[in-house]
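Read through the structure below, which is laid out as structure tokens, and then see the notes.
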Amino acid sequence: MKKVNNIAVLTSGGDAPGMNAAVRAVVRTGIYHQLNVFGVMYGYRGMLKNEIFPLESKSVANIIQRGGTILKTARCKEFYEAEGRRKAYENLKKHNIDGIVVIGGDGSFNGAYKMSQEFDIPCIGIPGTIDKDIAGSDFTIGFDTAVNTAVEAIDKIRDTADAHDRLFIIEVMGRDAGYIALHSGISTGAEHIMTPEHLIDIKDIIEDLQTNERRRKLVNIIVVAEGSIAGGAEEVARQVKASCPQLDTRVCILGHIQRGGSPTCQDRILASRMGYAAVEALLEGTNNVMVGIVNNKIQYTPLEQAIKAKEHLDPEWLKIVKILAS
Amino acid sequence: MKKVNNIAVLTSGGDAPGMNAAVRAVVRTGIYHQLNVFGVMYGYRGMLKNEIFPLESKSVANIIQRGGTILKTARCKEFYEAEGRRKAYENLKKHNIDGIVVIGGDGSFNGAYKMSQEFDIPCIGIPGTIDKDIAGSDFTIGFDTAVNTAVEAIDKIRDTADAHDRLFIIEVMGRDAGYIALHSGISTGAEHIMTPEHLIDIKDIIEDLQTNERRRKLVNIIVVAEGSIAGGAEEVARQVKASCPQLDTRVCILGHIQRGGSPTCQDRILASRMGYAAVEALLEGTNNVMVGIVNNKIQYTPLEQAIKAKEHLDPEWLKIVKILAS
Amino acid sequence: MKKVNNIAVLTSGGDAPGMNAAVRAVVRTGIYHQLNVFGVMYGYRGMLKNEIFPLESKSVANIIQRGGTILKTARCKEFYEAEGRRKAYENLKKHNIDGIVVIGGDGSFNGAYKMSQEFDIPCIGIPGTIDKDIAGSDFTIGFDTAVNTAVEAIDKIRDTADAHDRLFIIEVMGRDAGYIALHSGISTGAEHIMTPEHLIDIKDIIEDLQTNERRRKLVNIIVVAEGSIAGGAEEVARQVKASCPQLDTRVCILGHIQRGGSPTCQDRILASRMGYAAVEALLEGTNNVMVGIVNNKIQYTPLEQAIKAKEHLDPEWLKIVKILAS
Amino acid sequence: MKKVNNIAVLTSGGDAPGMNAAVRAVVRTGIYHQLNVFGVMYGYRGMLKNEIFPLESKSVANIIQRGGTILKTARCKEFYEAEGRRKAYENLKKHNIDGIVVIGGDGSFNGAYKMSQEFDIPCIGIPGTIDKDIAGSDFTIGFDTAVNTAVEAIDKIRDTADAHDRLFIIEVMGRDAGYIALHSGISTGAEHIMTPEHLIDIKDIIEDLQTNERRRKLVNIIVVAEGSIAGGAEEVARQVKASCPQLDTRVCILGHIQRGGSPTCQDRILASRMGYAAVEALLEGTNNVMVGIVNNKIQYTPLEQAIKAKEHLDPEWLKIVKILAS
């Protein structure tokens, strides 16, 4: 097993609350093991541009509670090319970096995987994405914060929905996965939840709204994932209005507020554990894996398998939604 | 001076956080003075439909902290007609109601004013609207909560704007008045603020963005009132993208989250004072006025003058915005 | 298997955020299965006093987001006696109740267990306690909310600790278990965490504070569970001040704020799942068990085994705390 | 009028949320006017120890939303002596500083006043204290945030008070002034409010609790300022328990959470306006004054008059409290 001496940490892809807590854990665990730790700015783009700086313990003081990422993040097309990755690798070598921790989503892991294959540089992935859709981990950093932000927003909207007897169609994030919609919908008592996974047809929802109206239940919340099969909130509203013109229907798109904010306790702990475990893995020679949490235990998954999970949401959830909102 | 014995309270127009605190204050002050207090559901619509119920002290227990309104609210076209108001008056008489407190905006006061002219029934208005644009009061119930909700949301968006070096164009409420935009913009360090009052031209903003870009200041927040002269956030984004295609520009429309939520301390106190003062006014025979706060003192304004204030925002504010965001 | 027709739900022991969400789930799942559902006020005390009322679907509308419990709770000594339980049972029979769901902690389960042994009445327990210390469930309703409340409070205290270079000794709840202290301490970057489980000696902490002082690290947070081996925050402060008189040491006792507040997304979902599963269990004849969550799956534990868990906290946590706060 | 070229800003005394927003406004307004701006660390102590550093516009980026103070604060006995102030002045001269902005309370203004008398250095004060008790300003930076923090905490405690039918005696900050107690008490519907100003006798409160008990109103909240005439919450509880032993009485001391946290919109705007006005005052030669807000307009008060306000709280407030909580 080759000894690691100098490691780099970066955040990549969309930002997620808790990324700073993970950066802090990587830096301090590295320093505790007498490694030199470098921060790469703007993800892979900074690797290509050699925006690589040494980090000390105090560089990460007082950031565990901050949203965003002090290392910033960016998308980087050049890194998709072998030529780009070579340039990145050469910059790492200038700093004698012999281990990398990448905090990001499946696209970022794919990049790391390729680099680890092309060059002799071990990479560890940490799942940082609000979407909770990475195979190999029950949770991803940022999900718990994002759903709680969505829940607080929907609670507020329900106040005004109740005051006016309105139907609100609320769009939450989730292009490929319905977890944010499902969790925020259940916990705000939403009458319907629409996700990228085909769980319920919009025709059934419209029929139900018409039944509700006959029962004079006029307040309804529909939570729609942005990647819902039936389209986003605007499209769903268009169809609902066409079929239920007498309902007072409004649309809210929660948008980017779901990415920011101070991370919840769970996200901070998850990020701390994963950052710690990522460095431990590098030291033990367990390379080219993603650190995940499965049944509340750290588990490592080969980077090439740490892709978007294509699990089906358990349809029993929909039954629960229906029963509890009735 | 005619003695008042039975009063009714209603919430009307758009809901605003703190309306429940005002209802509570009206009910308990009325009961303290041995009045019978009735609640009218759904604003004037409930008056026409005779949805009028007696309220006790405990009917309003544990609501001071709740958003929305337990009395619900609605718009009511019929009440704009003399015939509708007659029907409403007759329903009030069935309950021997001889005084009304209306919590709402200028449209609601207009209705109250007309009824007070046509029939022998004193009306007191309480300004409940998040827009803070009523002549005769420095503050309106709900404004402080709405701006704080907007500020918390924009803080979150800034986290992600910073992480990605993005320009965010954020739309807040305010069809006719720029107060929410101004206050939330200043307190989140927004680079630009666009309001219904013509304070700055979009051309100047675009020019400034181009200068910033040359200075490599890539994170920018523009707060846009929905009724901004240049249009809402989508329209502003369209123009910005056309002129600054290299900026990574995103739009967020905060929407109805600004109407809900637990009221702030200031809104609860404002509502409590106004509810108390409204009943005191009825008892003292000071009728057909709106209760306002001017320089932190209760002040009464004739209902017919309690209209949307057409004040110009002080242009010094824009200078402060520019200096502080530089 | 005996068919269940009329069920009762109660909340017992200390209140916990999310209890209302569990009550809602029990009521609506029961009604969905065409059961009559009754609410018992004030826990077992209401059973003895026959404070038992029918609940409808709308009785639990708009409570999923509320802290506290609409059914109220109380401690009840009489129920510890066989005589008291007989009286309670007789009251249940007056309403033909043939199944009970008890939301509470281990003391409440013990009472339910005894009643289920003495009388022919199936009981299901749902773990509702902020302490997360019940054998048979990875989580208990209220824990996630309580730790997030503690984290937000400690974040605020750190602002002022940093401004003044102070040592804060902060007491969180947890008489028998250190989970709140451990989770809130890790996620606020506390330098030390003291729990009822003997993980670290106060002598080692004082030594470490003295080392920090020599290193001129003057800001420190120590999170102390109320049942810490070394005593509560006041006692810890007394010892610290005696040994480190030059430190500017302050004490904060977070207290009852940890029990209240709107439940987090996780607590609402946990409570919804458990409430649903409790009624399903009654219908399936799986009686006298507690509903738990183990590895994110519903699992049933015999009531007599659903006692305070005496697990040791994993000592690796302390290592992580030490490394990350360094 | 002497031209000012180099100014220094410091935060002094107890920290208050919004101090960072004020620092930011001073720095950016100064730079806009082409001044050199210096930050003094740890208040007057840093002046004596020459901990004085130049600040740029970006030094204060992204701090408007942060609690605490990036300049830190401390108490400094040496500065009370003429000798200490001389040393401080000499350090200022090393940096050619010819104007000072002090953000703090009356003690800090007193120091500034003395220095301005002894040496030729103009000083401007900005009232930064959560207590809102400075003559010459309707509001002080931090008050609005502190009361909202107290209100959120008391709302949470009421959840649990209601669940258990308990009496909670809650201590808020305010050694010499009752504003935090009064505002947080009114807006949480507290039954009684006890302040340093003698508004109500503890005997009357105990009598009222006994009456409530006969009426079977068992939930009560008493908000006590730490400097209440009758003593703090512990002492009040002792007397209440002695007279009402059957009540289930608990104590909560909110403590330092009231000093921290992200400032509210109002505190950020107040701080921004005051910081801006302080630099404008220096430039206009309006020296040795405190910047205040009176009736929502900037107003300057001579530093020697900017002392703790000894106003009596309007007794009508107590009448409102009594009526609204009944």
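Going by the order they are written in, the chains are A, B, C and D; count residues from 1 in each one.
The rule is simple: contacts are C-beta pairs under 8 Å (C-beta built on N, C-alpha and C of every residue); 3 or more make two chains touch, one makes a residue touch a chain.
Source: prediction; values computed, not measured.
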Chains contacting each of subunit B and subunit D, listed by label: none
Reference subunit D; chain at largest CA-centroid distance: A
Whole-Å gap separating subunit C and subunit D, where each centre is the average of the chain's CA atoms: 35
Approximate Å spacing (C-alpha centroids) for the pair subunit B, subunit C: 39
Set of subunit D residues in contact with two or more other chains: 155, 158, 162
Touching pairs - complete list by chain label: A-B, A-C, B-D, C-D
Subunit D residues within the subunit C interface of the complex: 11, 15, 17, 19, 66-69, 72-74, 149, 153, 155-160, 162-165, 168, 250-257, 259-261
Touching residues on subunit D, where the partner in the complex is subunit B: 21, 24-25, 28-29, 31-32, 57, 62, 64-65, 138, 144, 147-148, 150-151, 155, 158, 162, 183-184, 186-189, 262, 264-266, 268-269, 272-273, 276, 295-296, 320, 323-324, 326
